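Order as written gives the chain letters A, B, C and D; numbering starts at 1 within each chain.
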Amino acid sequence: MPDCAILLIHCPDQPGLVALVTEFVHKNRGNILNLDQHVDNDLGHFFMRIEWELGEFTIPRGKISEYFATLIGDAYGMHWQLEFSETKPRMAIFVSKASHCLYDILQRYAIGEFDCEIPAIVSNHESLRGVAQRFDIPFHYCPITKENKVVQEEKTAMFFEELRVDVIVLARYMQILSDDFCRRYENRIINIHHSFLPAFKGARPYHNAFNRGVKIIGATSHYVTADLDEGPIIAQDVAHVSHRDGVNDLKRIGRDVEKRVLSKAIYFQLQHRILPFGNRTIIFN
Amino acid sequence: MPDCAILLIHCPDQPGLVALVTEFVHKNRGNILNLDQHVDNDLGHFFMRIEWELGEFTIPRGKISEYFATLIGDAYGMHWQLEFSETKPRMAIFVSKASHCLYDILQRYAIGEFDCEIPAIVSNHESLRGVAQRFDIPFHYCPITKENKVVQEEKTAMFFEELRVDVIVLARYMQILSDDFCRRYENRIINIHHSFLPAFKGARPYHNAFNRGVKIIGATSHYVTADLDEGPIIAQDVAHVSHRDGVNDLKRIGRDVEKRVLSKAIYFQLQHRILPFGNRTIIFN
Amino acid sequence: MPDCAILLIHCPDQPGLVALVTEFVHKNRGNILNLDQHVDNDLGHFFMRIEWELGEFTIPRGKISEYFATLIGDAYGMHWQLEFSETKPRMAIFVSKASHCLYDILQRYAIGEFDCEIPAIVSNHESLRGVAQRFDIPFHYCPITKENKVVQEEKTAMFFEELRVDVIVLARYMQILSDDFCRRYENRIINIHHSFLPAFKGARPYHNAFNRGVKIIGATSHYVTADLDEGPIIAQDVAHVSHRDGVNDLKRIGRDVEKRVLSKAIYFQLQHRILPFGNRTIIFN
Amino acid sequence: MPDCAILLIHCPDQPGLVALVTEFVHKNRGNILNLDQHVDNDLGHFFMRIEWELGEFTIPRGKISEYFATLIGDAYGMHWQLEFSETKPRMAIFVSKASHCLYDILQRYAIGEFDCEIPAIVSNHESLRGVAQRFDIPFHYCPITKENKVVQEEKTAMFFEELRVDVIVLARYMQILSDDFCRRYENRIINIHHSFLPAFKGARPYHNAFNRGVKIIGATSHYVTADLDEGPIIAQDVAHVSHRDGVNDLKRIGRDVEKRVLSKAIYFQLQHRILPFGNRTIIFN
């Protein structure tokens, strides 16, 4: 895997954008490995992901952003995010008691499917300390009550800053984060909700699915925003169920969907393939 | 295909029900071809579908219901429905302008996949008359306005009575039926809604799905009740979509799901495999 | 939908290809609407699809190919195919007796989902003449025997030349085309095979699937080559089945998969989204 | 969960079988909780699963089999298997180096989704010892060479006998078991093969899938027989892939399918829901 730069760009659409960006890379001797672009015609908005080898690139790594801004980005009102394949994202995980998503994440991490560092697992329960230990990841017990919630969150946020956390995963974490915390990590907190949103928002989705008599259940991974279960959706999937499945069956079948859908979102995130825009996501895959 | 009786039963659960019913069939020289039962433990309710050959059955066809009531059904508080495989259900279809579900239904009918009679296609538009004619099915133009709605529905209901219609399919019919009409054909009107209910009830589900930025779209076939899009669900399925799909793509991809999900429900219905109970369905398949 | 050019390119990979092509389009005042590229690292091969508005493009339509060859294509050993969105592909359909794929195709054609002309439906049986007539498409009965096969194929080929046929669809056509015919329409004949290839090649796949006791059945659309069921795969899908499904159920459930998978391939083909390479396809979607 | 008996029966089909069995249970005061039957009309064979509460059942647990044989089973040429819900199956696991299936199994075991004992994990490599230890399961390193294969297998078989192993799971075990071993545990060894069988039997299915250019990959769980990858199929599933996916992507995406399909088979097995017959399985679910 060569050393690469990845640029995620979006801006109002106008002619010539692709040519401009590819020329910028090519003229400075970057070899384009992947290019994917998308124009949302309804919104008149342009989205692009470009990945190029840095081997002979003439602009130094630390100057790419500045040069891009000066030569192209500012003039065209672009928003962009620059990433380097060599820099491993640092991912913290929040959990409560359910272990299925956590195991799924850690197994993928252990075999190198998730190319990241995991500096901390934080939980409001002690139950999964053992799991964290088995994978040699620091576990932090951080109990939440109505009284201490604000303080605990503030401490966690400071702690994450110290750890230089890039992305946060809520792996069936049963607490609601404050608006403040959500804003601090805008589009960097990934949650798994155990329903095919927008159906069955909020608590007890499997009970509600059972009571509605649905024939499919699902799971949704999404960025967390201040509006509960309303953030940009990253991935969704479903499983077929029948009248034979009681609430506990829905939970059991649902766990399979949850872990798959959450891990899919994490994979995209770690590969810098997601470009959130408003309440939607562009997934370059 | 031998001549068979099909009995759909439900009642409060209690020990011995399966043995009682199988004994009734067996002692009277019916050969059981299929038996499927289900107990909903939460509701304490029992459901059963049993199908047997009538060849040597000693109770005459016209007396089965009476005998069953006297010997078993009444004593155990059973609700039941008796069907005969030799009697083809008579199915009327409502359509508006969209042709994909109608073609799908009629092609299946034409090759014998749907074992039924189709005595009438009724529409509030003229557009699909040609399709009906191609399959030699009487087409009735029945325009609906605010003013004539009540009268037109009443006329249609009488007309359906004349035609001895057993089941009604709304194949993307863009009118809401009155409570009265729904009640008259309780659990015999099948609708296709173009979303995975309970998400995106009501009008313009694809627009709403697009605006929410979902990664799956779906369709739901359900019995029609007085509560719009709230009736018992029969079948659901989804398709994966991406940021590349605009509203028109969602509609195009959705049509595939709609016709498949509607035809699945019709197939179950015609085979007497659906037992509706409250707002859910038991599908014996 | 503006007037567009679509260029499908492939060649040995080398640095700078994307930039070169985008520059060619941009400098000549073409507005790039879509660009998708792919590098197969194992094969060291480059693939690209680019679509641009012709409105202000300075190179005349009839000269684009020549200019592209001279300025870029020849120097880089590119193979390319140039299409125009305004030119409707002309698609001929072969059928035998099964109607499900044909109805599915014609319904999509009738509502404009398939943007093409259908100048002819050819069949070795009379059974589907009525279907063709209902959609006002010329139907040609072309019976095949061992004796007349070569002659009939030759006649059909000449007839298709006359009709300027661009693409041929085998919608459950139960005859094997000669190597000669296949070569004449290389990568332009789309077949639907009723199994998930490479499993159950050849005749009676549903019987073989049943005998093997599989829990999924499938369908595969692919380009036809001289090797039976070995051509480049375009699309595949499956359906879950159970021990309850006999051969006839597999056929019934399979029909749904077949028509969906065939129509998906046709859609890609008509949108010039398929780039065949060796025995695989790049699908730009 | 009450104490239950589960009877899996198959025999040549004949009238009255369901009634006979239900009467046997009912007359002896067993309360039927679940009954599912299936007749394969092509084979003229009858299959049944019946589950009843033992609470007031008048035949003692240890005598049920004898009574059933005398009163019904022998007279009708039935094969049957009697299980008790209170008896936890004892499941041994073979692994090599890949950890994804093992983690998936052990996580489900840890949370009680798999209701069994796991007395041993056996491997021809040391790599997964740590995983076994984390879940407090005895790990046995059992290296295999051409020379020691027969001896090692014999030792393992004796060891499993000692441990009273009921079912064996090959969780991506990269060794082929001898015919002898397979026969000893007929229909009790579950393997996961990383393709949708019968496609891509044998070694390197992902490489072969890539080379064939398929658009779906899959996995198959099946009972192991002396014929490699030819045993009765229990469960299958697939994932969609594209030209963008190289062999390593197929492996990554495939791991998700493998673990899901293997765990599904194990779940059915532990619930005594599988009735193998010839080279097919009846799954009562």
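Quick note on the criterion: a residue touches a chain if its C-beta (ideal position, glycine included) is under 8 Å from a C-beta of that chain, and two chains touch if they have at least 3 such contacts.
As the structure is a computational prediction, the values presented were derived from the model and not from experiment.
Interface comparison, B-C versus A-C: the higher number of contacting C-beta pairs is recorded for A-C.
When chain centres are defined as mean Cα coordinates, C lies farthest from chain D. Chain geometry summary: the mean Cα position of chain C and that of chain D are 41 Å apart. Rounded to whole angstrom, the centroid-to-centroid distance between chain A and chain C, based on C-alpha atoms, equals 37 Å. Contacts with at least two other chains are made by residues 244 of chain B. Considering their complex, residues 15-20, 22-23, 25-27, 31-37, 39 of chain B touch chain D.
Interface of chain C with chain B (complex): residues 99-100, 103-104, 107, 110-111, 113, 130, 134, 244, 252, 255-256, 260, 263, 285. Here chain A touches chain B in the complex through residues 38, 40-42, 47, 196-200, 212-216, 218, 232-238, 242-244, 246-247, 278-283, going by the rule given at the top.
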